[in-house]
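Next come two complexes built around chain A: one with chain B, the other with chain C.
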Partner chain A sequence: MSVQYSTVQWNRQKRRYDRIMLVSIAVYLALFAALQLAFYPTVSPETLIIRATGTLALIMLHFILAIGPLSRIDSRFMPLLYNRRHLGVTLFLIAAVHGLFNIIQFHGLGNEDPLVSLFTSNTRYGSPGDFPFQVLGFFALLILFLMAATSHDFWLKNLHPKVWKSLHMLVYAAYALLILHVMLGVVQLDQSPLWIGLAGLSMAAVIGLHLRAGRLEKAGQHHLKNADQAGFFPVCTADEIPENRAKIALVDGQNIAVFRYDGKISAVSNICRHQHGPLGEGQIVDGCITCPWHGYQYLPHNGQSPPPFTEKLETYDVMIRDGKVWVNPQPYPEGTERPPGVC
Partner chain B sequence: MTNKEFYIGWQDHAPEGIATKTRKTILMLVGLATVAGAVFIFGQRQFSNSTFELGHLRTLEGVLFTDPIPSLKILAGKDAAGQNQFQRVLLVGFGKHSALPTLEAIQQAQGQEIDGKGVRLEGQLIYYDGLLAMELTKGEAAFKGFTDANLQDYFTLPKDLGSAILQGEIMDPKCYLGAMRPAEGKPHRSCAIRCIEGGIPPLFRSATADDQRQYFFLLGYDGRAINGEIAGYMADDILFCGRMEKWDDWLIVKMDTGKGIHRTNPWWKKDTSIPMCGS
Partner chain C sequence: MVPELRKRHRQVWRLMAVALPAGFMLAVLVLPRRNFPDKLPAPADQAWEMAGESRETEELAVNLRKKAGTPGRQLEITVRKPFKAPAGRIYWQDQFVGSLGARGIHRYYLDSTLFSHPPFTLKIVDPINEVVLQKMEFPQ
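Let's look at the complex of A and B:
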């Protein structure tokens, strides 16, 4: 959480995250180069760089896409999610090295501008078997650039979290483009079933994790029905909400997290103001609702971040009737204090 | 959420259970990534042992010919009968360019014809499978002077080898002989098109089923360069009718573009358009 922008708000966990990430990348590149040179000594240095960075970028993208659903399936993966932004920016830098070497190698030093050549040298856009696959990689790199360039909280705030989130969902378009880039590029050289099998397996893993996480998310949500005359919907009994935890309730387009703490029940928007994290999957720590993604905090009775922070959530009316928790899905403006229900 | 421990990134320490799980996960992921990289490495095709002497300039002496293809004809030794043996060195420019602009600039600077003259040229050698090329890396400065070699000693007439239907792939010789590895097939198509459109003489590689390769420099039927006409066929397996000639240690094929260039169709398409030679 922050009250002002800084390049990176370093803390111990972020420093450890980055150190481990950079060491892992160095280990991969060193092992790749060593094996490549040991078993294929006639590889040219440019091809070695292109293949090492290309495979690493693809592996990293799979990893990045897997972190989200993994963290939902098992909260012990949360540390991998915490600094995913740095992983994303690093992925872009590695992919950019791959792209740059390719453009110089295949399109540079010729009679045409390299970027023009990228689109005009091979023009068989209508043929899957001959498709100019490098163009797909270029567009994927462009998306990764947009994501990396806007990964800072400055852009998150100024673009508005919804726009920012939509922009960053383009990672799935980048993934689709990259899979096509790799499949068309590699398969045009070598139709080995190994490549088709590997690509199929990795795609199945990413899709499977997302489906499983989606099912779990749905299972944790309660679609509310049968409002009373005052517009309150029954959620569950108070005992069904663990202490310092929440139930997630969906009704009338509202995504509500109903928290229990200190014998009280409060309801706030389930969507964190930072990166739209699922607050209802978080916990109350030191009296504050704490987002599981990046630890942003809010007071449960008014949805306000504790001073000096300024983030605010919509709040909702709650009441306890016969041991049952009822919530009115009509939101109050962000940061409006509402009296908690008493168990 | 399946675990009672709760991770907050801005706290100094992660809960013990989560920290242990994270350590194991990271080790597993690095291992998995390395295995994936290794599978990729061992699944690759072997690279050719072509050579580009990058950063190593050498000087060759011989007689310069700009026609039909820019080359330096050098003395390669003598045969058993004591006759001079010659080798042609393909001349190419820096990057993806023909050597001709460089040779024209040298001629301008020298103020006299250099075609057919004994010259000393400096550049980086590129070689593979019995073919040798030289990149005139430093442009005009590649010219290191005239020699007293005379044209008569180096001049030989080409031998006509007749016409044939040839099947194979058109390559850009600079990359194929060593500037790039790998330098063939569809992934290299864009680069090959750039090189051919840049004026580098196309090289046709015909291969038999048992990988017996033969190389032909490719010209039009009238001996002119046809780079613009064949650039769209790079990296394709093609069939065409041509007249073959032997120029010292080089084979040249003069493509009969009037009879068409035919892409060999994939197995699921029936090919009904095989060209006939001599008709």
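Let's look at the complex of A and C:
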């Protein structure tokens, strides 16, 4: 959390995470180079760089795409989610090296402009076996560039979280383009069962994780019914909400997180002001609701971020009747203090 | 994440779960279209005797070599200057023989069946752009 923009919001955890990431990348590149030189001793440095960065970028993209569903399936993966942004920007830089070396090596030495050559040297778009697969990689790289360039909170704030999220969902299109880039490119050239098997398995794993996380989320959604005369809906019994955790309730278009803490119950909007993260999947840390995505914090009784932060959430009326928690889905303006229900 | 966005995520992945494996399978299905021999001739280390056929360009020197008691011939390609393309595929009589990747001497064994219908054509093709980088004819 920050009250002003800075180039990179470092903290101890992010520094540690980034160190692990950079060391892992260095180890991978060194191992890949050693294996290539052992099996293909005549390989040129340019080809080695193209192969190393291409495979690394693909592995990193699979890892990045797996973090979201993994953290929804098992909260122990949440720390990876906090730090996914740096991984994404690093992925773009590695993919850019791959793309740049490819354009120089395959298109940079002819009479045509390299970018024109990229699109015109092979125009067999109707033939799957001879498809100009480099074009697919180019568009995937363009999407990764857009995402890396707008990854900063400045853009999140100025584009609006909804637009920003939609823009960043283009990563799925980039993934599809890259799978086809590999399958219509290196697999067609090498015809190696190893590449085909690895590509198929990793693709199946990513798709499977996303489908499973989606099913779990849908099953976990709690739609409220049967309001009383005052407009309150029954949510659950107070005992069903673990201490410092929440129950998420959907009613009348409102997405509400009902938190239990210190023998009290409060309800706030479930949508974090930062990136629309699910606050109800987070927990109360040091008396503050803490977003599971990036750690933005709010006080449960008034939805306000603790000073000097200025983010605020809508709040809702809560009452406890016969051990049961009831919530009124009529929202109060952001940051309005509401008395908590007492268990 | 707001419920609408989560719903969109689910819809996208349902679509991907169908479209991606379909694209994957299509790419695998077009693989056998290419006519590769079951087993490529192993690159040879030792040079055989000259068979009298040589061609030279700025980038390449090509020799055909023979060995007593061996029906086929040895194709020797010396890459003098790097190609503009990083890799080249070698075709003899439109039969894939091997790949050229770096500067130096490369030798390949050519079976006697590849010498039944002269003249013989050697092509080196850029596999990415499908461009013929070099074409040479050998009368016999």
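In this text, the second predicted complex is superposed on the first by the 337 of 343 C-alpha atoms of A that agree within 3 Å, B and C clash if a C-alpha of one lies under 4 Å from a C-alpha of the other, contacts with A are read in each partner's own complex, and residues count from 1 in each chain.
Here is the rule we use: a residue touches a chain if its C-beta (ideal position, glycine included) is under 8 Å from a C-beta of that chain, and two chains touch if they have at least 3 such contacts.
Predicted model, so just to flag it, every value in this text is computed and none were measured.
Undergrad: Using the superposition on chain A, decide if chain B and chain C clash or fit.
TA: By the criteria stated at the top, chain C and chain B clash after superposition.
Undergrad: Which partner chains sit in contact with A:188 here, chain B, chain C, both or neither? Use first/second/both/neither.
TA: In the superposition, A:188 contacts both chain B and chain C.
Undergrad: Given the touch rule stated above, what does A:179 touch, chain B (first), chain C (second), both, or neither?
TA: Touch partner of A:179: chain C, not chain B.
Undergrad: Which partner chains sit in contact with A:255 here, chain B, chain C, both or neither? Use first/second/both/neither.
TA: So A:255 only meets chain C here.
Undergrad: Given the touch rule stated above, what does A:105 touch, chain B (first), chain C (second), both, or neither?
TA: Touch partners of A:105: chain B and chain C.
Undergrad: For A:11 in the superposed arrangement: first (chain B), second (chain C), both or neither?
TA: The answer is first: A:11 touches chain B but not chain C.
Undergrad: Considering only the touch criterion stated at the top, classify A:46 as touching first (chain B), second (chain C), both, or neither.
TA: Both: A:46 reaches chain B and chain C.
Undergrad: Give one of first, second, both or neither to describe whether A:75 is in contact with chain B, with chain C, with both, or with none.
TA: first
Undergrad: Contact-wise, after the overlay, does A:129 reach chain B, chain C, both or neither (first, second, both, neither)?
TA: So A:129 meets both chain B and chain C here.
Undergrad: With both complexes superposed on chain A, which partner does A:32 reach: first (chain B), second (chain C), both or neither?
TA: first
Undergrad: Between chain C and chain B, which one touches more residues of chain A when both complexes sit on the common chain A?
TA: Of the two chains, more chain A residues are contacted by B.
Undergrad: Would you indicate which of the stretches 4-12, 202-210 or 256-264 belonging to chain B has clashing C-alpha atoms with chain C?
TA: With the two structures superposed, the offending stretch of chain B is 202-210.
Undergrad: Under the contact rule defined above, give the chain A residues that sit at the interface with chain B and also at the interface with chain C.
TA: 40, 42-44, 46-47, 105-106, 109-110, 121-122, 129-130, 134, 188-189
Undergrad: What does chain C use to touch chain A in their complex?
TA: Chain C reaches chain A through residues 1-3, 5-6, 8-10, 12-14, 16-17, 19-21, 23-24, 26-28, 30-31, 33-34, 36, 82, 84-87, 101-102, 104, 127-131.
Undergrad: Okay, in this complex, where on chain A does chain C touch?
TA: The touching residues are 40, 42-44, 46-47, 50, 105-106, 109-110, 121-122, 124, 128-130, 134, 162, 165, 169, 172, 175-176, 179-180, 183-184, 187-189, 191, 196, 199-200, 203-204, 207, 210-211, 214, 217-218, 221, 250, 255, 271, 276-278.
Undergrad: Please output the residues of chain A touching chain B within their complex, sorted ascending.
TA: Answer in residue numbers: 1, 11-14, 20, 24, 27-28, 31-32, 35-36, 39-40, 42-44, 46-47, 51-52, 55-56, 59, 63, 73-80, 82-83, 105-112, 117-118, 121-122, 129-130, 132-134, 185-186, 188-190, 192, 194-195, 198, 245, 281-283, 285, 290, 292, 294-295.
Undergrad: Quick check on the complex: what are the chain B residues that touch chain A?
TA: These residues of chain B touch chain A: 1-3, 5-14, 17-19, 21-22, 25-26, 29-30, 33-34, 36-50, 52, 94-97, 180-182, 185-191, 193-195, 197-199, 266.
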